[in-house]
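Right after this note come the structures.
Next come two complexes, and both contain subunit A; in the first it sits with subunit B, in the second with subunit C.
Here is the complex of A and B:
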């Protein structure tokens, strides 16, 4: 019997030609992915001269490895490096915890409770807010007096108008509104956010960055966790309820253990976003709260030219914690939902 | 099952459902349902899907609010009481086992919630597991069990707390036919020995007939008939119950009553002092009639099929768009498409008002 090149020889086996094509593609892709990391590592061990005269690829053959860049960062500039490192760890970790905590509670309530906010109420709440802003900002009205009037008007109108119109939003609308916050490019809001933190004197603090990252990542957490919570059968919670468990206990004993996979994936994703974030950090932090991405970027624009060697060292130490976290969380992400989708 | 089960039983409580109503928006899901369940009774709510039986059960459990009406468990009004304070255990169709907990942890969960001391809890878990013959599987996860074993875990979790009421929502419908039969017998035995008041929801009339002390048949959110399995089977109150109970269900012939005599196409049957009515349906059970030579019975029809089910033969007749089934002994033979007569015992026949569906009784 004659087989085609793309026909398997046995059931459950791969055809020879398929095998060749597949492995070629995989090999090419691996090179594409691994080479930059290899290049990064060897560059960190090069002297400025070796970088500029290059390209050299093989240590001890092409060039003589040197600890020059590592010494620069960890001996001469140790304080700066460690501060940025510490800042990044504190900010990314706190923002992730805050975001995942608030976001999963929001997602859980959205998946379990039917909300029905009145559209008209929301609209005139926004109108009142705009009116108050104009009154205070343009006409210099007294802040507290305006606020008092706005609150009073809101409740009066809520009773009077809210009953007349009954256009109600649904959970899907709320969810879309939350995710729509992510559609906005960060560059659009970075200046208002800068001014906001300026007015409350929080510029260049950990708190400012933690809050910003937590809020920016909230939509992702809500969106992902909503799906995970929805996939947990309600029977389980109802059964726990009948057996006497409180809502908190049900959440802790039943819902949380079952959404571990989702939580691990979401945590990893949010952690990576916060860890790598550049734009907000650039605006909000100047020196005290400076994070690693800013440190790396600064090496791009010093008066000594682009410091490829120290930059490589900084990037390597920046990659390590994320990889470590991914390895730790990987055993929870058994379903593999996001394993291939996240960047490390 | 253990002999000591009776020692563990508690004083059973009755349930009283008074004028239950449930609206979902404008949809009236449950219409004015009233029902008294006596202590220790096994009551089955039976009906086709969407008839409101599960809604009624979930209202009793407290998982759905009661739009209007009162629910009493024992002598306590629990209409507005949270599910966990109603002292109820429920077995779900999906079993609702916690996949991340072992069999032992699943069974012990109600006690863990109640903060029972460890030693006492372990003893109770073992006792409950022994009752459903699961004591060797306590360390397994639900995912490693078969369907029947999962069902037992759900049962053990329900009985461990000795609730005053059991609620079961189609607990056997995910099992294969043979296992269902076994579990049915075990369920009945267990309920009997524990003596706990039980409300059981099903769409399977065999389950209802075999398990229930009394059956409540529902349709479109309305209670159709309440009675012992025997009563609802042999004395249906209306056309729906008559057509729902029994497999195959009752045969119907449409006609009219004039001068106390029911007449239809080729049928003429004296009724027992029923008043005249122009649209009447005659009903008789497949086992209350026999196939006879053409012209010998009350009516004639063409044979459509003959089905041998093992213990009996079902002869289906077709006339127009109506079909009628007759149960015959297993060795009965008849040629399909031939004509034959159907003879039935007139004393077992039921008459219904075709328009309202209500049973006609002698005035």
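Here is the complex of A and C:
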């Protein structure tokens, strides 16, 4: 029996013609993905003349590679480059640790304990906050005094208000509230955050960016880790608790080791987002705490136009760590993301 | 004990997310003037919003209006009729009060956007930042979804080297948006970029895409897609791989063609994931700010400016009230569209999951 070009040989296999089309498409797309990166790398090894005189494609054939741009960035501007690099590492790393730690604690408690906060108490709290914002913003009240009054008012009257009328929320509502923070465009909250840090003199410090990034990424952590904790069997925890372990001990000794894959994926994702973040850094860090994306974006402002060769070097050193991490851990990322996506 | 676990997260969100959100709302109703040492705040009611919707900034946010063309009338009326029909059908089948109010809000937003589109672009005039942002969201996300899904499906077949393809396709997602912006500016340079000879051959050597509104918009969309197709790709790939093989082969043995197998067996199984992926992408796409800022600085004119970028420029010119008002307009549009999408598409798909 003979088979044509357009028929599969076996069930579950493809016809030769389909295969050819498929490979052509995949290779074409690979080219589309790789070419921009290739161009970036060769531009970093070009002299200004080689960039300006027109397109040259292949090193040693078209043009002579030089370390001119690399020298510029690493010898003459070493202090600036290294400071931004150091800032980025410190900020991305600390923000990730803080975010994953706080987020997984919250996710764990949401997946194991029934909460039932009263909606009325929450509304009362929000009203107090609105009052405080109006008092501070429009009437110029003292920031700390107003906040102290808000906190005092809340704790004094929360129970009384809560007793008036009771609408209980469920864990799902809390989870949705946390995840929905992701819809918030950074531009909506960045100006008040800027003013907040200004009033406590934390503008342009590492701490300001670490806190901001940690909160921005908190929804992702809670979302992914909640699904992950839900997929872990509970027998071990229960037996640990029977043996007299506290919740903190159970979390540290039993749950954490079991959720290593999920933690790895989440950590990596949050780290990448923090490493690449631009808008918050643009507002909050001006010089001392300047991160890499800001350094690169600022290179645009030179008098001689954009120095593409130096820019390429800066972009390369900025993307090397994340690309390396991602290629090595690609499998975990897709797995970790999927846990969140499938269960929605 | 459990409260202790949850409290840090809630406190952080309250301080850095909810409080700024409220403060921003208050600021949207004020005018802030910087004087010597500090600043003065004055309550101005709706004036900031008024300026954006009806006043001097109308062209910037919404676009330039003029008499409606015939095409605009046709499209606008068709959209209106379609929306009314949709609402009517809902009332006839399964009416609930909450569902109706939710759909009414969706209806109003869709009607507003349809007429905005008809009155600006279809009548031969410029649209503003809202239109530009929607262009990035609709065209960008659509493109990313189609290509990402196609690539994922191709990679989920039994082919050699699919692991290498996976790693390669994944890389752009890791690159900083700033980096992507500059890389694509280099590539698109018509005199020094890699395609300079192609441009010259086409007689476009002196032409610059950055001076043509549509070329600039499309170019930013391409850069954005280059970066985000990998995201759709890995999620959909994982989805395609979780599809059960038995059903697939059983269908083939029964004589179903490739296309039919895909439509009847595979697609329904990955649909919930597809809906979720789209939701995540749409949410993120509304925030677009770095690419237009880096690639065109919003130009030519305001052609590539997103709403976020407009708000940032307002902040830079120390107009904090307008910046907050614009940001709130963006937030409102985003929330209505995303919540509608979540309720009408994602939840429906997840519930219908076999």
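Keep this in mind: the second predicted complex is superposed on the first by the 281 of 344 C-alpha atoms of A that agree within 3 Å, B and C clash if a C-alpha of one lies under 4 Å from a C-alpha of the other, contacts with A are read in each partner's own complex, and residues count from 1 in each chain.
Criterion: contacts are C-beta pairs under 8 Å (C-beta built on N, C-alpha and C of every residue); 3 or more make two chains touch, one makes a residue touch a chain.
Owing to the predicted nature of the structure, the values given are computational and were not obtained by experimental measurement.
Would you sort A:239 into first (subunit B), second (subunit C), both or neither based on which partner it touches?
first
Tell me which touches more residues of subunit A here: subunit C or subunit B.
Of subunit B and subunit C, more residues of subunit A lie in contact with C.
Quick one: is A:231 in contact with subunit B, with subunit C, with both, or with neither? Answer first, second, both or neither.
Touch partners of A:231: none, neither subunit B nor subunit C.
Tell me which partner A:29 touches in the superposition: subunit B (first), subunit C (second), both or neither.
After superposition on chain A, A:29 lies in contact with subunit C alone.
First (subunit B), second (subunit C), both or neither: which does A:166 touch?
neither
Just which bits of subunit A does subunit B share with subunit C as contact spots?
After superposing on chain A, subunit A residues 246 contact both subunit B and subunit C.
Where on subunit B does subunit A make contact in their complex?
Result: residues 61-63, 83-84, 86, 88-90, 92-94, 96, 98-100, 109-110, 113-114, 157, 161 of subunit B touch subunit A.
Any idea which subunit A residues touch subunit C in the complex?
11-14, 19, 22-23, 25-26, 29-30, 32-37, 39-40, 43, 51-55, 57, 102-103, 105-106, 108-110, 112-113, 115, 126, 129-130, 133-134, 137-138, 140, 174, 178, 181-193, 195-196, 211-212, 214-215, 218, 222, 246-248, 251, 272, 275-276, 278-279, 282-283, 292-293, 296-297, 300, 306, 308, 311-312, 315, 318-319, 322-323, 325-327, 330, 333-335, 337-338, 341-342, 344
Which positions of subunit A touch subunit B when the two form their complex?
Residues in contact with subunit B: 233, 235-236, 238-246, 249, 253-254, 257-258.
In the complex formed with subunit A, which residues of subunit C make contact?
My answer: residues 1-3, 5-6, 8-10, 12-13, 15-27, 30, 41, 43, 147, 150-151, 154-155, 157-159, 165-179, 182-187, 191-197, 226, 234-235, 237-239, 242, 245, 248-249, 252-253, 272-273, 276-277, 280, 283, 286-287, 289-290, 293-294, 308, 311-312, 315, 320, 323-324, 327-328, 330-331, 334-335, 338, 346, 350.
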